[in-house]
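There are two complexes below, and they share chain A, which is joined by chain B in the first and by chain C in the second.
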Partner chain A sequence: MSGRWTWRLLSLPGVGWLSVFFLVAFYAVLCVAFGNQDTLSQPVPFWNPLDWNVGYVLDVLRNIWHGGQYLTVLLRTLAFVAIAMALALLVGYPVAYFTARHAGRFRGLVLLGLIVPFWINYLMRMLAWINLLSPDGWGTRVLHDLGIERLFLWLGLLSTRGGWLDGQEATVVIALVYGYIPFLILPLYAALDRIDQRQIEAARDLGASPLSAFLRVTLPLSMPGILAGSVLVALPMFGDYYTPDLVSASTRTNMIGNQIDEFTRQGSEKVTGAVLTLLLALILLALMFYYLRSTRRAAAEHAA
Partner chain B sequence: MIAWVRNPWGRPRWLAVVTAAYVLWSIVPVGIAILFAFNAGRSRTTWQGFSFHWFTGSTGSVLHDPALQSALEHTLLLAGLCVAISTPIGVALGLGLQRWRGPGGGTVNTLMLLPLVTPEIVMGVALLLLFLRVFPGIGLGTPAQVIGQVTFTLSYVVVMVRGRLASIGREYEEAAADLGAPPHDQLLRVLLPLLAPAIIASAAVAFALSLDDFVVTQYLSSDASTTTVPMLLYASARGAPTPALNAIATVALVITLATLTLAFLVYRRFAGGREAVELASLEV
Partner chain C sequence: MAHPRDGRGLTRRQLLARGGVAAAALSTTGLVAGCENTTEPVGSVGGGLSGEAAKLVVQKPLGPGGLPLPRPDNAVTWAITAENRPIKEGRPPERGPLRLYNYADYIDPGLVKRFQKQYGTSVQIATYNSADEAIAKLAAGAVAFDVIVGLTGSNIVNLIAQRLLQPLNHAYLPNLARNVWPELQDPFYDRGSRYTVPYVVWNDGIGWRNDKVAEDIAGMDVPWDVFWHSQAYRGRVGVLDDKRDALSMPIQRDAMRTGIRPDLNTEDKAVVDAAERELAQLAGICNVKVTITDYQTLPEAKTVLHHSWSGDLLSAAFYYLPKGVKADVLSFWAPDANGVVQNDFLCIGRNARSPVLAHRFLDFVLDEKNAYSNFVNFTGYTPPQKAIDAEALIKQGLIPRTLTAAVVRPDQFAANQELLQLSVQGERLWDDAWSRFKAG
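The block that comes next holds the complex of A and B.
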């Protein structure tokens, strides 16, 4: 047996596994989305693409075209993700920058502080906030005492005093930031850490002000990290349903994930759920491949 | 801020303040949730004194409440099975891919990476439909949950094994080949021992990922007996539960962090600190 075949044989179980449980599973979504449902509204997939029924897909597209419920949910998802991503960058960039550049002898400790949340169960982190933000929780009291509650009420971001968990859009967005920001900070830190300090010194020596050295050297050089980190937080945010469920529990803050979850896992509209899943996957496909390409390029540079 | 603009080589205080505030913001709420696991009373918001009641007490505790006990057992069962399946398959695929020559390698590599970037709900729906319509014989429940978890943990194992293989290089294998070792000896007696720290670490990461997984596990669950700890947190966080919920979350957290710390130490011992940090931050 030649060495070449040893390696292919080793790959076989993994390739087989992923083919069945990833590729075939995904094909099943397609066949359900382009299938039909029986009288008990259970999905009847059409396995042959020649038989595909476009009825359910058209229904969803028509709904979106006429500004129906799915459009509302999609736009809300986009808005939530965009705002949460911007906020996460606003908080995450200075943190990553400080850790990479100025943390000095505290660097290990700060890094630990950045990594630990990554490994604390997401739902436990949400549970923590649910306890804090319940009407008699410590967080609610602190926000009240600091005047933040008044500010949010004044800005119209909170509808009643102490009602942080009653279907507030602001709470959902901040919870999304809280939940996913570790995914942003770590790649950002890695990108900033890789920047050669001498390039910034060179810019300074050539007369750049600190601000313009930052804007014209550091920021552009950290762009791959910003983009990779943004994609890494955007992907799970787009598929999230549990965060709104937990911190809002109101249909007013439903994201596309909630709609899919209602239709597929909980409910009896699995065909429409499959269509929406497909739509979500299509929207995210570009982001997914962008990320894969950029990591591949980074790996190639790393090896070089 | 202005001082920093004038002199960025000085200590930028405001950056330090933002970073400290961020780290506190991200950790203190969880710390408080853990604290309330030790609350003597039934409240999760008002402190009523210290007690181990919700861990070991005779009623409603993690140790004695049937629902909590079952959730913890099922979570650990899934994690064990997931590790047992995804580690060998993932190590083999990692080896195979790293040394793959000829066409097909790129495609397989992309296929392997896709589960890492696919939003979990998409995988959840896909696997749900797969087990409902393609493999109704398996159906939903424990086997489906294990399969689902293996499908996305596999890629992490592969990535970690490949990272270690890349830093080992090919010299050892070539030396073994020059000394006349046949391919399977190169693999079993040279590569695998060198890979051992990565294998242990990737098993630990797979264990932690399985323990923490929520979406795929929830989509593939069937009845109350297949409820895991994260599912329990989701289901009862908004209800009126007791601090036992905080207690069981704390237990799961301790298990996760202990597993990862152990793996981190093993890895650092054998493979060096920098790689270990990359590992801990799952820099894939």
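The block that comes next holds the complex of A and C.
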């Protein structure tokens, strides 16, 4: 048996797993979204695409077109994710840079520190924050003592002193950053680590200032890492619903995931839930497509 | 309408992630042909009377499969059919195990242990997170449950329509007549208790921290108004995360102001939309939270004013008080009439393997002492037992006087309304309004 066949065989379980648990499940969501419901308000999927019913999809699109609640949560979700992603980059890039370039013999330790939070369940970490950010919590006290609370009050991002959990948009965004930032740092670290040190040295030898060497060499070369990291954090953030639920629970911080959760968990609108799931998947697909195109282009440029 | 236990997956007590994808909720009710453009449900039936005769009566809403939706003024007796008869009298209990299907943490483990000992059997408990989930699993028929705990009069139409229950033989249930409130021995959703016996009752009211909230809420003309004047408690105010309970609140408020009896099961779009608009005002007034964790947040003072289920305040007093906080800082008010009361029930699965043992279990839970201990040792939700009364609990020092209203009285139960299943169109109406409210 040739090596090629061995690998084909070995990839079979994985391919089978993905087909069953992704493709079939995704097709099922599609058939629910383009299906109908019965008189028990339970979804009736239409498995044959020729039978598909677009009534519920049109309902959602009409709602968005007329500026209904789905548009509100979609825009809010986009804003939250965009800000959280930018913040994560701002915080994560220096950490990744430091780890790759300057951590020296502590590199292993720093990496371990980045991975350790993964050992603790996401919900547990969020619940811990609820205690830390309660009005008399340690986190609240530290934020107060460092003057951060005052800054947030001044910027209008916090409505009362110590009110971090009073349903603040800022808290949700910060919680999203905290929850997903390791996903951004690790690929970024890998990309920065791969950069050939000599290219930067060459830039410096040719008279580039440290800043200009960073902007013209390091940053462009780390672009694939930035993209990969951004996509990795954006994907779960878009579908997140428990973070706003836990740290805010205000209607003003609900994201698209909260609407989907509401519809699919109970009630009579499971089909609408499936339509929103599909809508979200489309947005993520567009994001994924952009990422793949950018990395391919970068790879092509690299080869050239 | 949902049960207080619905969606409790996301609490510290359980810490379960709610994996909610539509795919999980798939039902395979069958294929329906025809590419179309509709949101009219499959298999809708006109149902009821037609033609000239229809003009002579006020039409009642119909539910799944054209079955009547039970209402206090439209009580329903479910038939006992030839292929699904109650078990015969005088049979010895099976060896078990007894398969119990219940919300998590919704029955005293001590009580279950005592039952196991008394009948020399074992009880296997499986749990569900929402009534929808429970009914879907029961309908799938993968596991034959003997006893199902926690479903309500809103679910019974589904349960009957899908033929998931077996009728009861009252000869095995002497405690029903002996101990249970007369009102619930013959409930409108199941005349003659043919398929169900009541488990606990609760009502919707206002829970608050009387050491943090200055208003005399119980003394106000319309206590619900306090939510619309809660600017001072911004960020610490909550309403129940349940479409029917929450949207009913402004409807009750309006009715209380005008002195009209509200219909909390209305399918009138204007009424539901107005309720949504009123509730949405709370976002601006107090940045309202939408949660069902008031049983934790009130004792911890993370919220100080909350639209609450009565049982939550009692659980808060029994279990969730932080060190140094006394139970009498918690207060509860609920309307005597025209508000929300609910009850849930125990029933036996159609394919129960131990039906006699299941009947014994039902009777065991209806026993006066057992019901009492389940209430004060575990659930915090009032069993509708003749012997239980708030004054006695206060005298024993079990609950503070400020929580008297959280022990539901039979007269209160009779004068309030249950939130019941609506027609498919009615459910969508409430769901749409709720989705608008939740979007902020």
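Definition applied: the second predicted complex is superposed on the first by the 263 of 304 C-alpha atoms of A that agree within 3 Å, B and C clash if a C-alpha of one lies under 4 Å from a C-alpha of the other, contacts with A are read in each partner's own complex, and residues count from 1 in each chain.
Methods note: a residue touches a chain if its C-beta (ideal position, glycine included) is under 8 Å from a C-beta of that chain, and two chains touch if they have at least 3 such contacts.
Quantities reported herein were computed from a predicted structural model and do not represent experimental measurements.
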Next on the checklist: Under the stated touch criterion, which partner chain does A:Asp145 make contact with: chain B (first), chain C (second), both, or neither?
Outcome noted: neither
Next on the checklist: Let me test your reading of the model: by the given contact rule, A:Leu123 touches which partner, first (chain B), second (chain C), both or neither?
Outcome noted: both
Checklist entry - Where does A:Ser250 make contact in the superposed view: on chain B (first), on chain C (second), on both, or on neither? => result second
Item to check | chain B versus chain C as contact partner of A:Pro45, first or second or both or neither | outcome: both
Checklist entry - Is chain A touched at more residues by chain B or by chain C? => result B
Next on the checklist: Looking at A:Met288, would you say it contacts chain B, chain C, both, or neither? Reply first, second, both or neither.
Outcome noted: first
Next on the checklist: By the touch definition at the top of the document, which applies to A:Ile260: first (chain B), second (chain C), both, or neither?
Outcome noted: both
Checklist entry - Counting only touches as set out at the top, which of chain B and chain C does A:Gln37 meet: first, second, both, neither? => result second
Item to check | Footprint overlap on chain A, comparing chain B with chain C | outcome: 25, 28-29, 32, 43, 45, 121, 123-124, 127, 134, 165, 242, 245-246, 249, 260-261, 264-265, 270, 273-274, 277
Checklist entry - Any idea which chain A residues touch chain C in the complex? => result 25, 28-29, 32-33, 36-48, 50-56, 58-59, 68-70, 72-73, 76, 121, 123-124, 127, 134-135, 159-160, 163, 165-167, 242, 245-246, 248-254, 258-270, 272-274, 277
Next on the checklist: List the residues on chain C that touch chain A in their complex, please.
Outcome noted: 2, 6-7, 10, 12, 15, 17-18, 20-45, 63-66, 130-132, 136, 158, 161-162, 234-236, 238, 241, 243, 280, 283, 287-291, 300, 302, 424, 427-428, 431-432, 434-440
Checklist outcome for this item: Residue set of chain B touching chain A in the complex reads 4-8, 11-12, 14-16, 18-19, 22-23, 25-27, 29-30, 32-33, 36, 44-46, 89-90, 92-93, 95-97, 99-102, 108, 110-115, 117-130, 132-134, 147-148, 150-151, 154, 158, 166, 183-184, 187, 208, 211-212, 214-215, 218-219, 229-230, 233-234, 237-238, 245-246, 249, 252-253, 256-257, 260, 277, 280-284
Next on the checklist: Taking the touch rule as given, give the residues of chain A at its contact with chain B in the complex, in rising order.
Outcome noted: 1, 3-4, 6-15, 17-19, 21-26, 28-29, 32, 43, 45, 91, 94-95, 97-99, 102-103, 110-111, 113-132, 134, 136-139, 165, 178, 181-182, 186-187, 190, 209-211, 213-214, 235-236, 238-242, 245-246, 249, 257, 260-261, 264-265, 270, 273-274, 277, 280-281, 284, 287-288, 291-292, 295, 303
